[in-house]
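In the two complexes below, chain A is the common chain; its partner is chain B in one and chain C in the other.
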Partner chain A sequence: MIITIDGKEISVNGEQTVLEAALAANIYIPNLCTHPALPVQAGCKLCVVEIDGRPVQACETAAHDGMCVTTKSDDISRRRNVAMELMLAGHPQDCTSCKVYLKCELQALMQYMGTVHSRLRTVQRETNSIPSVKNPLILREMERCVQCGRCVRACENLRGVGAIGYAKHGGETYIGTESNAGLAEAGCRFCGACIEVCPTGALQDEEGVLSQEIAKHEALVPCQVECPAKIDISEYLRLINEGKYSQAHAVVREKAPFPHTLGYICNHRCEDGCKRGKLNSSISIRNVKRYAVENDSDMMWLDAAMAPLGAKSGKKVAVIGSGPCGLTAALYLQKKGHDVTVHEKLPVAGGQLVTGIPEYRLPLEHVQKEIDFIKSVGVEIKTNSNIDSVTRLKEGYDAVLVAIGASQGKKLSMEGSNLEGAYAALDLLRDVRLGLPVDVGQTVNIIGGGNVAFDCARTLLRMGRKVNIICLEKGEAIPADAEEIEEGINEGVVLYDGTATVQIESENGVITGHRIADVDDTSTERMIPCDSIVFAVGQGTGLTPEFGIDINDQGHPTSDKSDHTTSVDGVFAAGDVMTGTRFVIEAIAAGREVAKEIDRYLGGDGCIDETLSPRAAKEPKIGKIDGFAEMTRVASHVHTCDEATREAGRCLQCDLRRDIGPVKLWTEYTAN
Partner chain B sequence: MEKLMGCTISEVTLPDYSEIAKLAEGACPVNWALRCVKQAQLENCGMSVMCRDGVTQLALVITDIVSGKGKDDDLSLIKELCQIFSTTAGCEMASKVAKNVLYSMEHHADEWEQHCRRKRCAALVCADYYSIYIDPTTCIGCGTCLRLGPEGSIAGGEGMIHVVLDDGKIKTEEFVRACPSSAIKKAGAVKPNLPAAPIPVGSFEVEGARKRRRERG
Partner chain C sequence: MQTYNTDVCVIAGGPAGLAAAISAAERGAEVILLEKANTTGGAGNMGMGPLGIGSRLAKGAMADLDAEKAFRIFMDYTHWRVDARLVRAYLEKSGDTIHWLEDMGVRFDSVAKYFPSSQATWHIVKPESGKPGPRAASAMFKAMTDRAVELGVKILYETPAVSLEKSDKGYINAVLAKDSAGNDVRVECLAAIIATGGFGDNPQMIKDRIGYEWGKDLFSFRIPGVVGDGIKMAMDVGAESTDVNIEMTVNSPGLADAGISPSLWVQPKTLVLNNRCERIMNEELLENTTFAGNAVSIQNSRVAYSIVDSRVVDYYTKNGFDVVSLVHSYGLENFEQQAKQARANGFDNLYMADTVEELAAQMGLDEDAFKAAFDEYNTGCRDKEDYFYKHGKHLMALEKAPFYAVRLHPSGYGTLGGIKINYKTEVLSKENKPIEGLYAAGTDACSIFGVSYVFVLPGNTMGFALNSGRIAGESAAAYVFEEE
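On to the complex of A and B.
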């Protein structure tokens, strides 16, 4: 089908309107209330064109064969200008004070048409002063609204919510909610579609809701922004809401081979970012993830996850260290076609997952299963294989990854710290975990206030010991997670915060007590009797120059380049060994990054993206849920399918906004 | 293509412009147009720019025209707007109102001119263009207007000729009709000679007549 626009023939599919056809052929016709994601309203009248000498709206006129359209004439200009002037008569004249200044569709249109605030009477709308009930996510500056109705259609037609609509007050029209209630009361689901389509500054994300530092497309989904591994969180929450646990598990697995482990111990940075947290409380993302993994009965992802991501390369890679970073890298390198051997100095694989995290926080069997999967893909793990020189090892491999973590416990250098009953926390945790005998006596004093101190304390409590924690920081400043502290104290840890160690007391080489004092008052010095002292004061890499790569004063590998390379060609390093102690999810993310780099080094394309759960088109119609904004976070762990459905259903589905996409401005059309 | 327009034109009866021909003696065509516009303003669905902002703009400009704030090019502005509204597809309400206004302007161009430029309403309908007075020759001193008018608007007393002090709140047809002796009247640009304060009924006529004779002479 052919139509003629301003003398230019363009071909059109049978469904298109004149406006759609023109825009598709790169011919710009001004328009404001139209939006590609929304039904036509034909309200702004800017897209007026002439067909058969009569003015019609291009947006509501179906194109048909042989149609002859004129988009420019004096009459058309006059009509468009009047429409624009009318809309601007009630719009504030000062654009520069608006937050969307220079990012505004209305402003772009004013530029295109050369409209100035005009000869018309300025309209002072009374409805501008209807007090708007504030909410933490959506900023409404309705004096900037030109009532194009895009938001109304987004809410009503696209989302099926209908929280906002055209309202009348006397002779004035405004966009509002029923009885001018706040959005929450009106049933808003805070999906942000209305903000996304608003062509003016009337609807905006409240300040601080979305990061301004990263690309908008990314920033729209704040949980994913915070997740180091960039897991598609909103997608798996939707799947969990639908009861599709196996698919949800698959989505996590696309970015991290330790979903179950993460379901237990991830420090859930996503939840700190979660937009819903600003509304009432964040989604309990970690706990619903764990529920999904534990209720994944068909492992629909297994075949896809086992499948290689590249042909056999004939290259060999050695990974030193079998922690989350090393094993993640090993998995992806193996899938990329390389032969990977992991060297673990301990008798068990898993690194800190196994030796650093106590059983009560992360049952060993879950980690074991996830490691077994990695092995099943072909990764060889050699335990009891201590590598003390990378130089020698390198001879048999094309690339080596140093992922030994930072697992060397440190002690304070003070008198008594080398006595028999003085331990480094990580050593103690490891020994307990490996079932080795530990001789700590009855009462243990732990120095330090981080998560490791509390892990240690709670492990010892479970072994029937009395535990005191002595840490310098006070109250809120204590570095451990608030949850850890609270649970620890409930279990019986005695916490001396704001307290410094003065001296370790001993008799004949046996620790007898611990002299402490308040940090800000030395006169409070006192003695607590104890049988052993545990230092939870940080950890190091344990690397020495003899290992064969350049290291800095802190024992971290150094390199001229900023990526994961080291001073030796073909030797890479990633994870805690580079960064110092971080969280498991960061180690996994680092494992992925370094795998890409090593693959490229070995001649591959460095692409490890995979889809384990095929994506269906997302349903934009989320519908109305009564009391949605008030739904509270699940109290603790997710125990039932109903709880999982409900908790995942609290998600605002921030990613749906990505499907709406930006509107092309007139400057981007080139054919006229 | 889904269509959303919720135009209510079919449920609203706006006056038809043919009615203007039948406008009773003493009706004002400008005021009539303004009333159409205001009704449309109340009833339109608000979804199209012409109905929503266009009709509002008409109301503002015509209100200025009937209240002494008309500007020189207002008449041509209204005409331009109305010509566009009446030929815009999909804005039924705006289109109908615009036709009414245009019709009124065409058939009563003179009256529109008078309102806009000379600040006059020949029919004495537009409140800013007339004043209310009590004809001292007709007032019988009954006190009806004093009772009806808000505090401060009328002065008078039993057997006295009543006097309008402030007509701001009494410019209604009901008020004009309330006088049993039809002494409440409207004045346009020419203001009649009136007593400044109440005087006994019957005492004005002579005064006034003598005065007028002297002026003429």
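On to the complex of A and C.
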């Protein structure tokens, strides 16, 4: 059907209101209480237009054929201005203390309409001084509220929660909770929909909850912001809550081919970002992920994950190093149609996953299975293949990726460090993992305070040794994860923190003890008898100039560009070899990035996005759950389906806010 | 990556950026404007209008200030420590800029002073609803935006510029930005104009460059997003920097939000003491908020107190203020009640007590010293002989309970300066030569006030933004056509 707006004929579908029809036709009509995601309220009276000479509100008037609408006239302006002035009369005059300055629909409407505080007397609302119970996520500055009611409709109609509503006090209407209780007590699920739809600064994210440094669309979901591989965490938590473990596993796999491994050892920065952490405690994301992977009975993702992401290119790529970075890159490059060969100098593939992380932290069979999948896609892994010159290797390939990690253990250069029984930590872990004979005595002193030191300590304890850890840092400054330290000490590690090595004592080439002293007091020098020393003091790349690419003093490849290129065309480098020791998830993320770059270098489009679990439209109505805000984090590991459901169900589903979308301001309508 | 190609890329759409975009487009240049927020106007939305010298409206109001006189005032005030050519170029243009804005549909209500001893240069924007009020200037940005769009300026909202790209030959050839989804955007251009409004919302940069700690000894306005993007971008391509300053004012944080009249505390009949209970200034000068801010900023802990008694409150309630603000329209009706309510709501910048001693105790000041300062001031009032030569008509002894005080801190509208430009707004390199294709306007480049805001010519900041923006648009367009 056809209606006429300001003399312009526009065609309209039968369902639209006059406001919707006008906005769809790029004709702006000011409006405030209306929101595309919410039912119509017709409260603010800004969208008044004339139909047949009569003023009506465009938001509540259905369009019908032949209708003739006028959106601009003196009478309309007068009506709109009064409506706006009434709203402004109860709103603070000073914008400069408001954190949504320039993100405020009211401010944009003031620009569009040219209306200011001035004519009408300021209304001092008594209800502004009703003290509101604070919470860590949603900031309520209700003196900025213009009572458009969008938040009420978002909470009630869109989310089905109904934690907030209209209240009355001494003849004033205001928006609040029942009996002015805190949001948590009122059953709020802290989804943030009310903030998203608020047109003023009345409802805001508390300072520090969302990053201001990145685009808002990304910032809305802080767990994903923190994840180096940008895994769609809220999606898989929702799937786990629904018991769809295979789909959840698939979602992780879309960004990382080592879900099970990550379920064991990921350093889970997502949990640091988790907004729920501010409310009570973060979701145990890593543990529910592991539960999902271990209970994925039908591997629904397998066919899609095997499918190529591009036609055969006829190009050959060599990857040096079969750690998480190299294998991730190998997988995606293979899927992009290139023939990939991975060269691994050790007899087993997997890099630090299999030689650096002890079995008690990450069972070998799980890693093996994930590597087998990568092989099944066509990646060839050559073990016992030591590459000492990339120049020679390059001849047989179109591109080479150096992903050798930082796997060379360092020792302190001091007397005694080369004696029998003095190990570099990584060598020790590797030899134990490979089942090689390890020549350590009964009492082992480990120098260093990182996770590797604790990995060594706990490995040696399991071999029946007595272990001391000597580290420079004290207390909370110790670099290892708190969990590692606690478990290590419980298992019997003796920790000397804030302590420096003075000397290694030996007799006839045999280590007899370890002279140490407090870092801040040399008079405390003392001897601890021991027969072995393990250096867990950092790792190097082991690269030398003979390898054939430029390196810096620390042995990392250098390049003029910021991406993963090296000094040699066609040779790329990524992962720990570039960055020094980092975490597995970062190696995986780097593997993905470098795969894109290499694909583009080889003439591909560099796109490795894939959907292994088709997304259904998200259910916006999350409903009310009694005691939601107080639900505590699962104690340790997730053992049962009920625990998984419950833990995943604690998620605030921050990503639902992305579906609400911003309201288009007058600035986006060019037809005015 | 989304790539655009244009003649001129304007970075940010506040008063300076909009003026630049429009004036470049008026000269036929193709313009893309990158804006961080989802609407235009930037910090200008908080204002009420720009400075204009010699406009028709000013002449009609019998203002006798011409560009020459304004220039003399300006240069005397700044002791010629600022770029006189840039000052002249700005002031000479400012009257015509008012007409230029009127041609776009902007209406001005009046030409005003900000305070009695200032000049009438402030062109107050007239809103649709008739009577001007706070933030009246926001309607001006609607008109400017409409004109920009009409002239074909493409505005990319929520797409903040991130960096500039300089060719090997040293001229600017692209601006890199990020869109709202975080995707990279590249705008290839012949000229770029930086107009991002300083770094008022970047406490770290304020601390590093100006030495104030926001929230501790400075409570300046923080317009979200004004974090120094433009200055950083310019420095990254080798621009010379200038001294930077806070556009200093005085404020009692939270006063307006607490519903308490901010005007009362800057009236001449107040008493202003520092935290050692020493008088710091002639309160008649409080009307010039820059002078007041300067005076407070050199006190112990950078704090002072403005004190009144109920007689002063009654006087102003009955007779109106000596110094009337166009910005704040709060009255003094039920002042005692409002003050009690604000204190009950936890607003702790306001003190209220029935005796001078109690007031001092509440403020955490030495009671004896406070009482002595009071007595000295009151004696001076009775003898009509004031330490700071305050005029007799403002000498009103403070004797009637309850007594009130607010804590004053240095505040400010934002920062001033950062990028060195010449009178054509060309950005200068360390060698004092223009960086080809790069211009800057508005507060990012506003170093013409020297060490202290020239508030005696009100509307100065927005005036400089609009006029330097206009000059930048013209210069950039001329450069573009020369290149082509």
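For this structure, a couple of remarks:
In this text, the second predicted complex is superposed on the first by the 672 of 672 C-alpha atoms of A that agree within 3 Å, B and C clash if a C-alpha of one lies under 4 Å from a C-alpha of the other, contacts with A are read in each partner's own complex, and residues count from 1 in each chain.
Quick note on the criterion: a residue touches a chain if its C-beta (ideal position, glycine included) is under 8 Å from a C-beta of that chain, and two chains touch if they have at least 3 such contacts.
Only a predicted model underlies this, so the values are computations on that prediction, with no experimental measurement involved.
Of the two partner chains placed by superposition, only chain B is touched by A:90; chain C is not. By the touch criterion stated above, A:44 is placed in contact with chain B alone, chain C being left untouched.
Once the two complexes are overlaid on the shared chain, A:166 sits against chain B while remaining clear of chain C. Legend: residue contacts after superposition of the two complexes on their common chain; A:119 is shown touching both chain B and chain C. Within the superposed three-chain model, A:100 lies in touch with chain C and out of touch with chain B [touch as defined at top]. Residues 119 of chain A contact both chain B in one complex and chain C in the other.
Residues 36-42, 45-46, 127-136, 138-139, 141-142, 145-146, 149, 155, 157-158, 178-182, 221-225, 253-254, 256-257, 259, 328-330, 341, 344-345 of chain C touch chain A in their complex. Contacts from chain A toward chain B in the complex involve residues 17, 39-45, 48, 55-57, 60, 62, 78-79, 82-83, 86-87, 89-90, 119-121, 123, 147, 149, 153, 157, 166, 168, 170-173. Residues of chain A touching chain C in their complex: 77, 81, 84-85, 92-97, 99-103, 107-108, 110-119, 122, 124, 129, 143, 212, 214-218, 662, 665-668, 670, 672. Chain B meets chain A in the complex at residues 1-6, 38, 41-42, 44-50, 52-57, 59-61, 64, 73, 77, 80-81, 84, 87-91.
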